[in-house]
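Structures given as structure tokens follow.
Okay, so chain A shows up in both of these, paired with chain B first and chain C after.
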Partner chain A sequence: MKRWIAFAIVVVVACLLPLALDPRGYWIRVLTFTLLFAAMAQAWNIIGGLANQTSLGHAAFFGIGAYTSTILLLKFGLSPWIGMVAGGVFGGVAAFIIAIPTMRLQGHYFALATLAFGEVMRVIANVWVSLTGGPGGTSIPFSPPSFANYSFKLLLPHTYIAIAALVITTLIFEWIQRGAMGYRLRAIKENPSAAEVIGIDTTRVKLQAAVISGALMAMLGTLYVQVAVFFDPDTVFSAAGISIRVALVAILGGIGTAIGPILGAFFIIPLEELMNEWFSSSAAGLSQLIFGLILIVVILWRPHGFVTVFRSLRAKFTGGTAR
Partner chain B sequence: MAFIQAVIDGLLIGGVYAVISIGLTLVYGVMGIINFAQAEFLMIGMLVAWFAWAFLGLDPVLAAPLSFTVAFVIGWFVQGQLISRVLKAPSVAQIFLTVGLLIVIENSALLAFGSQFRSVTTWYQTISLSLGPLFVSVPYLIAFAMSLACGVALWWFMRTSWFGRAMRATAQNPGAAQLMGIDSALMYRIAFALGVGLTAFGGAVIMPYVTVYPGVGGQYVVLMFTVVVLGGLGSVAGAVAGGLAVGVIQALSALVFPIQLQNLVLFVVFILVLAVRPQGLVGASR
Partner chain C sequence: MSILEVHGVSRRFGGLQALSDVSFSVPQGQIVGLIGPNGAGKTTFFSTLVGLIRPDKGSIRLDGESVVGLKPHKVAHRGMTKTFQNVALFGESSVLDNVLTAGLLRHDVDAAREEALKCLDRVGLRAIAHQQAGLLSFPERARVELARALCTGPKVLLLDEVMAALNPVEMQEVMDLIRSLRDDGITLLVVEHHMRAIMTICDRVLVLNFGKLLADGTPQQVANDPQVVEAYLGKSMEKRA
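Presenting the complex of A and B:
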């Protein structure tokens, strides 16, 4: 009960925060992308954290969502909301297709296979020019501003949609974690053979987690490009820019926890924006260099993410033990 | 005839792929870690060779030992200070530590040397030998010969030297090796430094026909993984076979598909091999 009250308070504060920012300013944009990255990391967390399968290819689903809604809008005039749902379906199907051959792989092998899958999608999107527009990129066409058209004059509605997306993905994550599926996934994580012996269909459970994660990621891809407006295959299918960054956000915050991706996103995304702002003109590469150094330091210092910092602080004050 | 020509080109390039990928498989074989930053050491090797050419007038191929040494020293510290700390950590920590390293090395190079493309000019760059209707490109041939020499030297080191045997013993059974008085931490350091050194060596010998820039490693990442997975992760002999195979696959697919799809064929092969035979086509276990 206490957790739910805390959750409600956080959501209310989150909804008030954008009102304090300049509606045409820079920071509301940063906030929107931070929220979206938190939601994406949460979607990644289902497969990466709960099922313990480190995916380095989530850009594949993200890009599928981005292109599905945009192509449906461009070629058939369908609202991006419908496109988002269609993208979610395609993302789930893609996750299913890639999961069949890779689900048995573990650790490094799974990471490698998913990395290659993301790259496959990037190459296809670049080559299939008649569908995607190719390396030249695609713009979201203008539609009269309305909620049904998913078109707004200001950024603020996008921010609230991002908040809603983060709340929904977090609730789905919690629901999976607390439900029967969460128990099964935890059993697989602790000991795959033992889980198999007690009657868990390990492949099927991991497959379910992969499909949910892929579908959510694709839907978030639609939301993202509605804000970004312009994109090309190399950005939405980017291994470094999407796949690795999303995994990083979850890992920095605390892999396998509901709060982890949110902590991670609110730490790293604004920091990255700030560093780009400060250094991009004077010293290209410096902000990414610092980004990499932070990653190394966090992995060595807190291999289980920032969430452990809060846990040990709490343990210090309440006299309990840190987990 | 185009087919045979493609096979020849593929084998020559594949020899280099073998050498740049051996390090990846060596490190995995000895300590069970996949170094996602391995391709960055290729970039370091290329840059060292370029600077040796630009400022010392040294042929990039002759600068290869220098590239090896620079990468060896960097690798020695990276293993001792960073990788050694995550040897027992969950695989996700290992993966992201090396991903962090990748980001740091690439952007350090960007910061220090800028984003421009650098290439060398050598007298043999554009020469090919003709064998009847076939051509053998001289820079490919030289790179292949250097890679071969390097591979033989590694084989000799692993077979006959005490360090080589100790390293193989550590790979087989770290506990037993330790009981025999082998310092496993030292073996890990040597394996990692040697591995990245070999990759840098490969980077130097290909300089006559490629261009170096800070992001060049990204072009080779999946290629190197394909090589080692084809040959069986952890198997050095497998990496040689995998390297040659990848070179030939690349050259042959260039005959059939447009240039943009070349890598696609490689990626699909890679995923299929992982799915069907993750222990590699050669089938040697670590």
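Presenting the complex of A and C:
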């Protein structure tokens, strides 16, 4: 009960926060992308955190979502909302197909296989010019502003959609974590043979997690490009920009916890923007160097993520023990 | 009718014939001991029964239906599961969550929690239900594993050395528990090195040596079988001469 009250308070504060920012300014844009990255990291967290399968290929699903809704809009005039659902289906199917050969792999092998899958998708999108427009990129065409058209004059509605997306992915994550599937995924993570012997269909449960994670990631791809307006294969299928960043957000925040991806996103995404703002006019690459150094320090300081800071603070106030 | 019928089960790993032509059947409600020297194939045999290892040849029928080629989770669903010799708990989870996860085979989360608490009561671990499983002592972990196997609602339960490292009092408790499970209609196959325990609780003992079934009978018959004595202690001096 207490948790739900805390959750409600956070959501209300999050809804008020954008109103404090300049509606045409730069920071509301950063906030919107931060929220989307938090949601993406939450989707990643289902397979990366609960099943402990470190995917470095989630850009594949993200890009599939981005291109599905955009192509349906460009070629058939379908609303991006419908495109988002279609993209979710394609993302889920892609996750299913890639999960069948990769889910027997563990640790680094799984990470490398998924990384390769993301890169393959990037190459395909670059080469298949008739479908994607190729390396030249694609713009979201103008539609008359309305909610049904997913087209707005201001950024603010996008920000609220991003908040809704984060709330929904977080609730899905919590629902999975607390339900039968969460127990099964933890069992598989810790001892796959024992999990089978006590009656868990390990193949099926891992597939379910992969499909949910991939489908959510694809839907978030639609939301992202609706804000970004212009994109190309190298952006949406980017290993560094999407796949690794999403994993990094979840890992730095606290892998396998619901709050982790949110803490991680609100640290990493604004920090990266600040570094760019402060140092981009000085030596080339300096901003990335400093950003990288900060990440290293944080990982050394809190190897299990920011969530541990939270826990030790709570322990201090309640007199309990930190976990 | 027999609850478990094994016929001609063989399995080879490279040059090692781990199991060769093992056949026997068990009526419902027996406690059957499975003994044999180290490396005789006892654990391999248990793994084969639950589907972790596929036999090269032979049939395994549980309650009249073949389970050969089924994945372990399907075999568990049909009613046969095992504990692991080296204890394979979900170490980061609590004792209760370990057992609850097994209960999900036949129940939803809330019912599985009830069932898990009952199973923990049975093995006498309810008091530590909320402790982290990985931090317990070895005998405690072995009992959690027993409770977890029990929570799948098995017809046939395979226990792989659950009495290892127990003191005499704890061993008596586990023996009483095994008997009470038998009284509930569960059929048990028990691998154990502790001979006194085997001789006390088993209705029947199977002896495995080099993957072959060497003897099958009451504890008394088996203990007096010269072949069994030879397998354990080697040939007597007179025979060698």
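Here is the rule we use: the second predicted complex is superposed on the first by the 323 of 323 C-alpha atoms of A that agree within 3 Å, B and C clash if a C-alpha of one lies under 4 Å from a C-alpha of the other, contacts with A are read in each partner's own complex, and residues count from 1 in each chain.
Everything below uses one rule, namely that a residue touches a chain if its C-beta (ideal position, glycine included) is under 8 Å from a C-beta of that chain, and two chains touch if they have at least 3 such contacts.
Owing to the predicted nature of the structure, the values given are computational and were not obtained by experimental measurement.
Asker: Following superposition onto chain A, is the placement of chain B relative to chain C best described as a clash or a fit?
Answerer: After superposition on chain A, chain B vs chain C: fit, no clash.
Asker: With the two structures laid over each other on chain A, which partner does A:Asn126 touch: chain B (first), chain C (second), both, or neither?
Answerer: first
Asker: At the Cα centre of chain A, what angle separates the centres of chain B and chain C, to the nearest 10 degrees?
Answerer: 80
Asker: For A:Arg184, decide between first (touching chain B), second (touching chain C), both and neither.
Answerer: Second partner only.
Asker: Would you sort A:Ile9 into first (chain B), second (chain C), both or neither based on which partner it touches?
Answerer: neither
Asker: Who wins on chain A residues touched, chain B or chain C?
Answerer: Counting contacted residues of chain A, the larger count belongs to B.
Asker: One more residue to check, A:Asp201. First (chain B), second (chain C), both or neither?
Answerer: The second partner, chain C, only.
Asker: Is A:Ser193 contacted by the first partner chain B, the second partner chain C, both or neither?
Answerer: In the superposition, A:Ser193 contacts chain C only.
Asker: In the superposed arrangement, which partner chain does A:Thr54 touch: chain B (first), chain C (second), both, or neither?
Answerer: In the superposed model, A:Thr54 contacts chain B only, not chain C.
Asker: Going by the contact rule set out at the top, does A:Ile251 touch chain B (first), chain C (second), both, or neither?
Answerer: first
Asker: After the superposition, what is the least C-alpha distance between chain B and chain C in whole angstrom?
Answerer: Superposed model gives a least chain B-chain C C-alpha distance of 13 Å.
Asker: Quick one: in the complex, what on chain C touches chain A?
Answerer: Its residues touching chain A are 50-52, 71-73, 76-77, 81-82, 84, 88-93, 97, 100-102, 104-105, 108-109, 112, 148-149, 151-152.
Asker: Inside the complex, what are the residues of chain B that reach chain A?
Answerer: So the residues of chain B touching chain A come out as 28, 33-34, 82, 85-86, 89-97, 99-104, 106-111, 114-115, 214, 218, 221-222, 225-226, 229, 233, 258, 260-261, 263-264, 267-268, 270-272, 274-276, 278.
Asker: For the complex, give me every residue of chain A touching chain B.
Answerer: Contacts found on chain A: 48, 52, 54, 56, 98, 101-102, 105-109, 111-113, 115-117, 119-120, 123-124, 126-127, 240, 244, 247-248, 251, 255, 283-286, 288-289, 291-293, 295-296, 299-300, 303.
Asker: Touching chain C in the complex: which residues of chain A?
Answerer: Contact set of chain A toward chain C: 178-180, 183-184, 186-187, 190-191, 193-202.
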